[in-house]
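In the two complexes that follow, chain A is the common piece, with chain B as its partner first and chain C second.
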Partner chain A sequence: MTKTMLELKGVRTAYGNIEALKGVDLHINEGEIIALLGANGAGKTTTLASITGLVPPKSGTITFEGEDIRGARTENLVKKGLIMVPEGRHIFPGLTVLENLKMGAYVLKDQSGIKKDLEYIFNLFPILATRSKQSGGTLSGGEQQMLAISRSLMGKPRMLLLDEPSLGLAPIVIRDIFDTIRKINTENGTTILLVEQNANLALMLAHRAYIMTTGLITLSGTASEFLNDENVRKAYLGG
Partner chain B sequence: MTHKITASHIGRVIWSEFKPALLASFWICLLAFPIMTLSINPTNQSFKFSLDRMPYLALGTFVLSILWRFFLKRRAFIGITKAVHQSEGLPEDLRKGPKPSWLTVVKASRYRRQGIYVLLAIMAILPFISSPYTVNVMVTALIYVTLGLGLNVVVGVSGLLNLGYIAFYAIGAYTYGLLNHYFGLSFWVCLPLGGLTATLMGLLLGFPVIRLSGDYLAIVTLSFGEITRLVLNNLTVTRGPRGISYIQPAGFFGIDLNGAPKEFLVNYLRVDPAMDINKIFTYFIILCLVIVTIIFVFRLENSRLGRAWLAMREDEVACQAMGINRTRAKLTAFALGSTWAGLAGVVFASQITFINPASFSFLGSILVLSIVVLGGMGSIPGVILGAIVLSALPEQLRFFSQYRMLLFGALMVLMMVFRPGGLIQSTREVYIHKTNGNGKGDGNGTARLEALTGAPKPEATGERP
Partner chain C sequence: MTYFLDLFLSGLTRGSIYALIALGYTMVYGIIALINFAHGEIYMIGAFTALLASMVLGSLGLTGWGLLLSVAVIAAIYSGMYGWTVERIAYRPLRGASRLAPLISAIGMSFFLQNYVQLAQTSNFVLFPDLVPQMPFLKPISAYLNRTQVIILLFTSVSMVGLTLFIKFTKIGMAMRAVAQDMTMARLSGVNIDRVISVTFIIGSVLAALGGVLIGCSMRQIYFYMGFLAGMKAFTAAVLGGIGSIPGAVIGALILGFAESFAAGYISSSYRDVVAFIILIIILIFRPEGIMGQAQTQKV
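== the complex of A and B ==
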């Protein structure tokens, strides 16, 4: 039942001489939504970069579905179903929405499957259907975030890594996007690792959470524990 | 809501731009003061001072400045109007699809195929009714088309700024030149070899620049171009600056084209007796090469690899997140882009039968880059048009003799200001949305959904050119 999907043990990552991760341990079970919280510079994004191989870790182990993936190439991880939505959206501004989505299915070859996925996406975010021939750069911030998430879904992820999906968005749009993230999780059983600044919202969504401070996991527990914990509330949730 | 430019608009713009234009004119006069007023007579080492030309200069720059500002304003105004129209009637507009440009009309035309045949027929007849000079210009233009299309793969599609592209052209030309000079190998053997050598050199350049992009990449490629030229200039094997002469033109089954075939052409087809028939043959070779290039590049752009290149151009982080092997995409872009330069180089060597390093200066790289930028980055018809304009235009401007390059530069500046996307802009895949029978969508997006995901491709109108 609770199969471990992704596990990090003692992961250390450095940018030159600056060690950003000082031995991170965390595990994510299949079908879970995990929130990774922490202040700026705590190492949240670096953790994601280490997982996806964008910044190879110095030491430690990373296993995805029982397979060692430390130092694996990003593109091979995408093929395995470990897909990241990068921070700041990173959509392709010069390509149309449709082309953006098709690019998400780059590693897949099943054309009819891609068509079905497109249909699914346009049901999930109808606004993307109406914007499908607009170039990605002309979308609003919220729409771009929707596009970024949709694009990663086109690659049929087993596990999705979301880096700050709420960045720079209006509260009402954030709620929409978070609702969709939950929907993706419940409908497809996609495991989700969510990196967020907006701790309150992330905890409402997540099953469990980890809190990072200066390159280490300092706290872990279920989301409800965190929400009810007086100390955590004071330190991370603003009272 | 209508947005038209009226006479009062024009008047207002001219009035508001009066002062800046005056200032610009004054500034130009100040700048050009020494060269416009002093004329030196080197024979008796004296100089003359005269203000005669200044009023013309002042008036000229003033008028040009006003015109310039007016067109800029107009352009901005049209842009705003378009945006207003779009935001006002967004759903309506979306249903109708974009207003078809003349290019889409041409492409969607039923006579498109016939049009291509007619064009090909004209291209085939042209050398037989032209002067030797025109044929030469046409061969050069077609060589630049090949170069432009090749560089378009690197710069336009993949977004890797390559400032040393001419080096691959040189490598192709020297491959043929050297092999022909030392081993007597024929054009047909050297054509694939030249392409291959350039491809390999492209890979070789690709490896060190995998991690580079933008300015750094530009500098490395620029150095590569210069290094290649300097090496060719200093090696004994390449005969240094003297270059290689008497390179054989392309052979035609060992038949001397200037013998019996020429007699036939001159007598029966009234071909110019001064014509070197080898040149006509070269013309057909390069024409075939261009056609092959167009087909190949078009296929490539719509392939998986082409999409990887597009993704790499658009956003390197996202490109990796999509599962694209960035290293491979970059290397193939460099290698395949260089191939065409190599092939064009071999044809070039056979065309002019003499090559030396001076033919492959940095200016050449810039010219090819200008072709891509002026034509429209990533757009195949744009690059073709750009190549023809940029290689034929300097010939047409010969009338202006010494002011030729000045005019050429001015034209480029105007182009870039008023059509920054190039002559023919690259268009993205456009899908016209299918609507219900009454011509209205049902509002919840299902009609659009059908159009987008339904039948294979009936709604897809214009693809990438």
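== the complex of A and C ==
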């Protein structure tokens, strides 16, 4: 029996008078990787911002592990293990790599656990260990994306929200990043909601997917259904 | 040479006091991009609190170092509470508003605090007691350095080292830097932004209050309107150094202190303020981001 981890029902979110989400419904089961696809401006990032409380929705319900979290403060959601890696990586440029990682564990109190997690990260990405005293702003794009994902792992996520992790990266780096995402899912059992422009790539990784158009979910299905569906291929995957 | 050394030391001490106030401006600006115009008033309240505390503690028989330190601690705590309250009342409710709204609220808060102290205390200059303990060891060099200057340099250097260590090595200090660099990401890391902003206001206010105590000790008189000009000068220092930059504020304050002191000594004391503001104008024309500041693109 699969357990629903996150569920959105009729979520409406607006910036001033402009309604970006017009009633979004979706659910994610524990241990799944879900891809959220769609064109620019469809409302993918707003969906993530609504879940994390950065932009509180106007109406609808959002439940995380059975608890109503609509309108909850972002820092309290981080404590519950709902952690987002925003688009553009958002590395703290003036903090060292080590400090960036420590910021990821900001809500945790168990110092020896944090130490162990740091070792785990440095094993996973040895480059971060060699650069640990450098300021985050000096890293390359790929290194920054590794750091951003590592930082989110430091917070012991139950569920990760990844916004455009491949944006602006070289193809070979993208493959590394996606391998890591798969590893996080299979080894740690972390549930993942992935927003991605590169739909082909996202569908290779995801179990199920949702497609958004102008503030609404217009299509949903398993990743293999999407990859084999002629219409979807034409509309979203470039033939 | 003695005259030059005199001016140098008076510039250094003056600059140190400006630095204590300027740090509050620059830290608050670094975090929420607000120019806290009520900050000079916190400095004034620090001086008045010190005066009242010294009267009470003095009548209880406290003297010397014990008196000075407990007066400084009381002024710091009381002003810290003021700083926290000002942020809660005047700025936090306007967090989502346009940038102009908290600025106007800050100016209003400044007027309010000035008038409140004027009514509650006095509109006259009041004598500030001599809180600085005797220092017999200064006798051989007393022609160059007096005990008040020693206290000013001691207090400011200890506070600055303390602040640096706090920001660099504590968890909340790291969170303050994180919030200043990327507020959204700090929230996504689980930082309670409101708490960090409160801590920033409290620290800024504590430093300003120490400045108030020191100026009382050195001028030996205080006045409800003293925060206005000192606040303007400290703000100038913060802009000069690059607003948002902590070392910048200290450097800017020292430059301003020296410039004022030498202008007063070699030109005329009535040119002191003129020189200070001429420096501000020149900096704004040729290096608007300040000495240590980075030219920033407007965030959308």
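The definition used in the following text is that the second predicted complex is superposed on the first by the 238 of 239 C-alpha atoms of A that agree within 3 Å, B and C clash if a C-alpha of one lies under 4 Å from a C-alpha of the other, contacts with A are read in each partner's own complex, and residues count from 1 in each chain.
The definition used in the following text is that a residue touches a chain if its C-beta (ideal position, glycine included) is under 8 Å from a C-beta of that chain, and two chains touch if they have at least 3 such contacts.
The shown structure was predicted, so the numbers you read here are calculated from the model rather than taken from an experiment.
Chemist: Assess the superposed three-chain arrangement around chain A: do chain B and chain C clash, or do they fit?
Modeler: On the shared chain A, the partners clash.
Chemist: Taking the superposition on A as described, I'd like to know which of chain B and chain C A:L216 touches: first, second, both or neither.
Modeler: Once the two structures are laid over each other on A, A:L216 reaches no partner at all.
Chemist: For A:A14, using the defined touch cut-off, is the partner it touches chain B, chain C, both, or neither? Pick first, second, both or neither.
Modeler: In the superposition, A:A14 touches no partner, neither chain B nor chain C.
Chemist: Identify the partner contact of A:I83: answer first if only chain B is touched, second if only chain C is, both if each is, neither if none is.
Modeler: both
Chemist: Would you check which partner chain A:V173 touches, where first means chain B only, second means chain C only, and both and neither mean what they say?
Modeler: It touches nothing on chain B or chain C.
Chemist: For A:E99, using the defined touch cut-off, is the partner it touches chain B, chain C, both, or neither? Pick first, second, both or neither.
Modeler: both
Chemist: With the two complexes superposed on chain A, say which partner A:E75 touches: chain B (first), chain C (second), both, or neither.
Modeler: A:E75 sits against chain B and chain C alike.
Chemist: Per the contact definition in the header, classify A:A235: touching chain B only (first), chain C only (second), both, or neither.
Modeler: A:A235: touches no partner chain.
Chemist: Please tell me which partner, chain B or chain C, touches more residues of chain A.
Modeler: Greater contact footprint in residues on chain A: B.
Chemist: Chain B has the stretches 42-50, 96-104 or 330-338; which one runs into chain C?
Modeler: Comparing the options 42-50, 96-104 or 330-338, the clashing one for chain B against chain C is 330-338.
Chemist: Is there a shared patch on chain A that both chain B and chain C touch, and which residues make it up?
Modeler: 52, 54, 73-75, 78-79, 83-84, 86, 90, 92-95, 99, 102-104, 106-107, 151, 155
Chemist: Under the definition above, what is the set of chain A residues touching chain C in their complex?
Modeler: 52, 54, 73-75, 78-79, 83-84, 86, 90, 92-95, 99, 102-104, 106-107, 151, 155
Chemist: Can you name the residues of chain A that touch chain B in the complex?
Modeler: Those in contact with chain B are residues 52, 54, 73-79, 83-86, 90-96, 98-99, 102-104, 106-107, 115-116, 118-119, 122-123, 126, 129-130, 132-133, 135, 151-152, 155.
Chemist: Give the list of chain B residues in touch with chain A in this complex.
Modeler: Of all residues in chain B, those touching chain A are 91, 94, 97, 304, 307-308, 310-311, 313-315, 317-318, 320-325, 428-431, 444-445, 448-449, 452-453.
Chemist: Chain A touches which residues of chain C in the complex?
Modeler: Against chain A, chain C makes touches at 171, 174-175, 177-178, 181-182, 184-192.
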